[in-house]
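Every chain is named by a letter (A, B, C, D, E and F) in the order it is written, and numbering of its residues begins at 1.
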Amino acid sequence: MNDDLKKKTQETAKRLFGEGIKMDPPYVTWREFDKNLANDFSMFITGNLYSRAVLTLPERQMAACAMLAALRARDELKLHVNAALNVGCDPRKLTEVFFQLAPYAGMPAVNEALQVYREVLKERGGWPLR
Amino acid sequence: MNDDLKKKTQETAKRLFGEGIKMDPPYVTWREFDKNLANDFSMFITGNLYSRAVLTLPERQMAACAMLAALRARDELKLHVNAALNVGCDPRKLTEVFFQLAPYAGMPAVNEALQVYREVLKERGGWPLR
Amino acid sequence: MNDDLKKKTQETAKRLFGEGIKMDPPYVTWREFDKNLANDFSMFITGNLYSRAVLTLPERQMAACAMLAALRARDELKLHVNAALNVGCDPRKLTEVFFQLAPYAGMPAVNEALQVYREVLKERGGWPLR
Amino acid sequence: MNDDLKKKTQETAKRLFGEGIKMDPPYVTWREFDKNLANDFSMFITGNLYSRAVLTLPERQMAACAMLAALRARDELKLHVNAALNVGCDPRKLTEVFFQLAPYAGMPAVNEALQVYREVLKERGGWPLR
Amino acid sequence: MNDDLKKKTQETAKRLFGEGIKMDPPYVTWREFDKNLANDFSMFITGNLYSRAVLTLPERQMAACAMLAALRARDELKLHVNAALNVGCDPRKLTEVFFQLAPYAGMPAVNEALQVYREVLKERGGWPLR
Amino acid sequence: MNDDLKKKTQETAKRLFGEGIKMDPPYVTWREFDKNLANDFSMFITGNLYSRAVLTLPERQMAACAMLAALRARDELKLHVNAALNVGCDPRKLTEVFFQLAPYAGMPAVNEALQVYREVLKERGGWPLR
């Protein structure tokens, strides 16, 4: 069962983070401090949570980007915007999610999200959006 | 053009808030303080923003619920969870979005979102989820 | 010098909190836990900070209300909205400050601030605003 | 190995939440929505994380209370203040941690934490602190 | 009427952002993603909201700076500190507003606001304040 | 008495910030804007609050680091992580406090805290932790 979880973790991580911009996932930092806990975190988040099929990966990434942008978590947003594009999210819908932050999280969150998004698109060669 | 915007505002508001739980939308409070600005807010948020077709209304509500839960905006989350169910969001996917807050916004946000969601489902007669 | 600070603290506290709604200031709670530190807090905040004359008390209260509303600190906002009215802030300008939260802190902050403001106005007998 | 994790989870949960105030832990809510994920959360948080011996349980609870108070997560703070007292944290040190929020998280966080703490002490029959 | 709104938007934008430090306003970013929505945002925020006369522009900017500093929205604070000086806010009163964040938002917000303010003053040639 | 407070302030400041990484404490910025208020802040925070003996300085610094990391106050966290090491906090316990942010403040707070901690350890020549 743990082998199965490990396999799911690795496959999901590859789909999310295997392409696009070059950026160390947080796992690298966790491992430098504590190898065991890094594995626990990774298996819990990517294995237990992200591998659940209730949401498709694109739906999950749209939600993750909405949350991270609302929280103004710049680095994690960058990682997950790239992952969203990797799993096939529609780039125009991502823009729209970031604009929709306006009435709830305010323009500072909108502005930061759009800047991060533009950076990712430029690194991936997908800027400007048509 | 302004008549067109007013009509879109009213139609979108009806689809989102016309059914389900009884809860005054914030518009009622805005209007008590300033009628003109209340209209400006409403036409901008519901008219200009929510009426855009890049996201379907269910997609938009999934994103709104993700953001509002991350921001721990309890009243607005209640309003928009109900709206999400009104426009046809899958109730199991909403649950999953709230669980996914865990690694980004932390368990206090998860717990509050699930409590709000349970309240709304109970008021709508849809609890427990099968 | 400390007597002077104590006197300034008491005079400023009286101008801010001596009238209007009935609500225990936080000082009462601090003192229940630690009498010495309660005095230190009070002399620092109300004595050292609030007694400075760079801002008039109404200007200071407008800024305090703007901050507390942005931080969604409901109880403290209630206390300071009342204090703002006690020191002569224009009630319509307070409304406008809360509306202006919209583009920066988002509508959840606007809605909470307006609700708190309406509660205070009702308790003071000043609702509705003409 | 999973049996071992389950046993550690249960033992740690009992030490933390087995006494004092009556309050449903969040696990009860999680389980109503999804039994499997509730177990994953519980085993990860209480099993993997809280059972680690780098920090003693009282040290861990002091840190948890500091964080939750800074985040103004009222319900979770209540739960963990009670747990802190259950595992033997010094009640005067808890007070001091909440006062120390002042320069970093501001007085709204101090005030909320002290109110929650007073509620818990009253329910446990430990108020006022000598 | 829309022409009137557009004119008010342009005039208010010029008074706020027409002088002082060089910094792209967020409008530039919005427009790169969606020209129509950028106009809607701009006309709503600068046109509908900022052009209202209940607050003078200096009063409005004092409130905006208080909020943005409390929210630790660094880029937007920089833009609006400059705008505050453009419309004639008293530089010593701005300092005082940032110090007053201390009891409500905590010292991290004070420190960030003062750093941003010092940067703006240096770029404008107004540092040190006499 | 004020001389006594000044002396306590200076002694505590020296123990906390006298060694390790080179980084201007916020006092330097406060003083550039207002010398009197800078002294009031410093005497209140470092003198009145940090000099209290209810918590040992290492206990106080563990709490300060937990709070600042939860608040994602990067600069202040850097200052206080260094201070924590100066007063003798166990480096492995600090790591554990930052990992424990996961269920409450979310992974963006964990990641930022670990990055800041790693920077400080590198500047002090204490990286990697054995």
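Note that in this section contacts are C-beta pairs under 8 Å (C-beta built on N, C-alpha and C of every residue); 3 or more make two chains touch, one makes a residue touch a chain.
Quantities reported herein were computed from a predicted structural model and do not represent experimental measurements.
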- Item | Touching both chain B and chain E (chains) | A, C, D, F
- Name the chain whose C-alpha centroid is most distant from the C-alpha centroid of chain D. E
- Separation of mean Cα positions, chain F and chain C [Å, integer]: 30
- Centre distance in Å when chain A and chain C are each reduced to the mean of their C-alpha atoms: 41
- Item | Separation of chain C from chain D, taking each centre as the mean of its C-alpha atoms, in whole Å | 31
- Message: Going by the contact rule already set, what residues in chain E reach two or more other chains?
- Response: 37, 45, 49, 52, 68, 71, 73, 76, 95, 99, 102-108
- Viewed as a graph of touching chains, is the assembly arranged as a line, ring, star, complete set, or other? complete
- Message: Under the definition above, what is the set of chain D residues touching chain A in their complex?
- Response: 1-2, 37, 40, 44, 48-49, 52
- Query: In the complex of these two chains, what residues of chain B are touching chain F?
  - Reply: 102-109
- Task: Flag every residue of chain E that touches chain C in the complex, lowest number first.
- Result: 45, 49, 52, 54-55, 59-60, 62-64, 66-71, 73, 76, 92-93, 95-97, 99-105
- Note on the structure: Within the complex, chain A is touched by chain E residues 26, 29-30, 32-34, 37, 41, 45, 68, 71, 73, 75-76
- Query: Given the complex with chain D, which residues does chain B contribute to the contact?
  - Reply: 95, 99, 102, 106-108, 110-112, 114-115, 118, 128-129
